[in-house]
Amino acid sequence: MGRTIGEVVLDLNNVSLSFGGVKALSDISFDVREHEVRAIIGPNGAGKSSMLNVINGVYRPQEGEIVLRGEHFSRMSPYKAAQSGIARTFQHIALFKGMSVLDNIMTGRTLKMKSNLVQQAFRLGPAWREELEHRAKVEEIIDFLEIQHIRKTPVGRLPYGLQKRVDLGRALAMEPQILLLDEPMAGMNVEEKQDMSRFILDVNDQLGTTIVLIEHDMGVVMDISDRVVVLDYGKKIGDGTPDEVRSNEEVISAYLGASH
Amino acid sequence: MSFFLETLIGGLMAGMLYSLVALGFVLIFKASGVFNFAQGAMVLFAALAMARFAEWLPAWTGIGNPVLANVMAFIISVAIMFAVAWLVERLVLRHLVNQEGATLLMATLGIAYFLEGVGQTVFGSDIYKIDVGMPKDPVMMLESVFEGGILINKEDFIAALIAAALVGALALFFQKTPTGRALRAVADDHQAAQSIGIPLNRIWVIVWCVAGITALVAGIIWGSKLGVQFSLATVALRALPVVILGGLTSVPGAIIGGLIIGVGEKLSEVYLGPMVGGGIEIWFAYVLALVFLLFRPQGLFGEKIIDRV
Amino acid sequence: MLYRENGQFKSSYAADQQIFPIVQDRWAILGIVAFAFAAVPLLANEYLLSAILVPFLILALAALGVNLLVGYCGQITLGAGAFMAVGAYAAYNFFIRVDGMPLLAALLLGGLTAAAVGIVFGVPSLRVRGLYLAVATLAAQFLADWAFLRIKWFTNDSPSGSVSVANLHVLGWKIDSPVDRYLLCLAVLVVFALLAKNMVRSAIGRQWMAIRDMDVAAEVIGIRPMFAKLSAFAVSSFIVGVAGALWGFIHLSSWEPAAFSVDRSFQLLFMVIIGGMGSIMGSFFGAAFIVVLPIFLNQFLPWLGGLVGLAVSTATVSHAEFMIFGVLIVFFLIVEPHGLARLWSIGKEKLRLWPFPH
């Protein structure tokens, strides 16, 4: 692979999160290095999605801090996270279902579009040129994900597997440095999983994007990740390379011992 | 002093009627998550039915006894409101399950228009009297406490008693009967209630029936005081801020919110109105609600709204 | 067989992003606009122009504004009447208080004032939605009702709140006859429809729709909810405000606050629901439907009553109107939330395949 794992870009220190007395995460710390594929695994309800939601500011942790390229945040906001180059996909697809595939992916370019409302209303030169430039960029993503044939289809009408792909496309359109993927392969058949794994590895490899990934399919996780964090009941019980994690006693009893 | 007290009592009386309408809102919202914009149209519709049947029955059947005529008109009106509840569930709600709140709200706006149209076509669109024998004469009270005493209407007083009795009866219904318990279960958690075998559709019909009865009572009280006319339908708009203030899911909130807004409207009209040219009543409740929306959207007694991703 | 898009290949993204990518659509729209400008003034009589077409054009403009907010951005409003009122009274004040204020400038300033007020009443949308937002917009409605009735400065100290304008000119063209009024409203509508269409297919329109469809996801990809929502309130109120000013200046020429009551707000919302939420074309369908239906019923119901020997009063007709609106609202919400516009595009879809549906 043509990538080299770099410095720590994202560091979570002692993060705790609770909802009205119920602890979702307690005292979690781990780091993510540049260009790596970092997986978060754990049984249902272990707090994996909450972890992603903390990283990109959808949830505000009661304790702990997030360090992003040396900058300390005790609370992140989704907008701030987006500005800092963090993109994500959702476990339960959160596409804009009334819009076409093309428009959905175009929304990922929002932060990069600079023309104002009046220019857009009158389709003045800057707005028009910008629209075309970004359209070209989005078409590259559409080609990459092999979804040219559905670009004008409203996403609500697409099958699940394609929707997942569009969700990834929308995140890629942000040209993120860090990409958070929340169960990108959930509910897919083997072939679709292979396609998705290929897309993820290509993104990681060709664009150098750092990837934080939650996934249930252990086979996939162990194949594509560089390092793995294991959560159970909101606590971290393991952290290391796939091989290290696989041989960790606590992990085996909590998770791998189960039917996964 | 006595002027202040009279204003205060006048406000409480108006507020009580808001409370009754707001109660209808809250009942339906709790059980089905629908904000029923048609509650005002239901008040109008029920009051029209009551007024017209009380007038028609003696003419049709020769019943001479006004009490009997009123009782029969009341029973017929209740039956009509039950039919409305059943039809609403059948024709509208059932087809809009799991839609967003705004869609349901707009649907009830459609129901409101329909009821207003039908009500006036069937029952006529003039001003009608409801005479259920409420005494109209004013009485002096508290003369011994301070000079001049205060003047209140017996009618208002009785109306307040009726409203209180209705609220009491509803509380008993919710606490003591199996149906009431099922209703509360549905209000707490739709899915859980469904999974233990409570039929949602039937619950919705029942709750719309109960809201129909509160609409009828509100309509009778209001109608006997001011006559039954189209403006009754707009009472929903007046009572809307009440539920924001009290909290959309709280029955006590609806009652207290109604009283606060009734009193607030009257007092502010009398004491602040002259400073700004009067007419504060039109917007007082809404501005109060607006303040709540910005700083405490769940209202005084409502549950905190949490959005989960 | 005439409505076909095959053979029309796009060789650039620019060609693919034209306002009407299908050639036939482009010609049809141009044809309709040309017909409306050139033929209608010759063919229509005074009654048709002043009683049907002018109200239709203005209400279509207002519905367009409401649709941007409700249909595209997903923020419900029951206070559109208030923003029409603000537009009308603000334009009035600019018009009579500033010497030599041109009519068009007054109309636009009315719109800008409405936009500013719209932003203020849009602020609650940052915290609440659905019903709660409806209450906030109703607050705007009732405050406006009150303000224009009670604050005499707004109505130039007219005791009843009734105001009037006369002597309207646009760039030397005297707006006098029904044809003038019609053409002015048509021109304004065409311009705003074009601008609105441009917005909804640009970045701003995508931001609005993203907020409508899934606000959390929108924020995660870098859309600021505050900007998206408040800009929708501003643009919507601006257009509704201009429509209000036209309604006062051009349609009524003398008016009082009751012209912009809460009933108007509901009517505009109904136009959007019936016409089609999230469709520019739908706003026109909805407005046409709601303007024409009462006129149709007024003719049709008495005729129908006559057949069976019943006298149908005007009151009955207006009650029937209520019933029909009620039924239609519920019908469209249940069966076709995208309204008449969706039925229209289904029709086009069929036409595309005709006469070989497979």
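By written order: A, B and C. Residues from 1 in each chain.
Here is the rule we go by: a contact is a pair of C-beta atoms (placed from the backbone, for glycine too) under 8 Å apart; a residue touches a chain by one contact, two chains touch by 3 or more.
Nothing here was measured: the structure is a model prediction, and the numbers come from that model.
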Of all chains present, which has the mean Cα position farthest from that of chain B?
-> A
A-C or B-C: which has the larger count of contacting C-beta pairs?
-> B-C
Roughly how far is chain A from chain B, going centre to centre by Cα mean, in whole Å?
-> 50
Chain centres from averaged Cα atoms put chain A and chain C apart, in whole Å, by 41
Cα-centroid distance, chain B relative to chain C, in whole angstrom | 33
Can you list the chain A residues in contact with two or more other chains?
-> 58
Please set out, as single numbers or ranges, the residues of chain B touching at least two other chains.
-> 309
Expected list for chain C, residues touching two or more other chains, is 216
Given the complex, residues on chain C that touch chain A span 13-14, 17, 195-196, 198-199, 202-204, 206-207, 209-210, 212-214, 216-224, 231, 235, 278
Where on chain A does chain C make contact in their complex?
-> 56, 58, 78-79, 81-83, 87-88, 90, 94-99, 103, 106-111, 113, 115, 117, 120-123, 127, 130-132, 135-136, 139, 170-171, 174
Report the residues of chain C in contact with chain B in the complex, numbered from low to high.
-> 74, 76, 123-124, 127-132, 134-136, 138-139, 142-143, 145-146, 149-152, 216, 262, 266, 269, 273, 315-316, 319-330, 333-334, 337
Counting only contacts in the complex, chain B reaches chain C at residues 35, 91-92, 95-96, 99-103, 105-107, 109-118, 120-121, 125, 237, 240-241, 244, 248, 276-280, 282-283, 286-287, 289-290, 293-294, 297, 307, 309
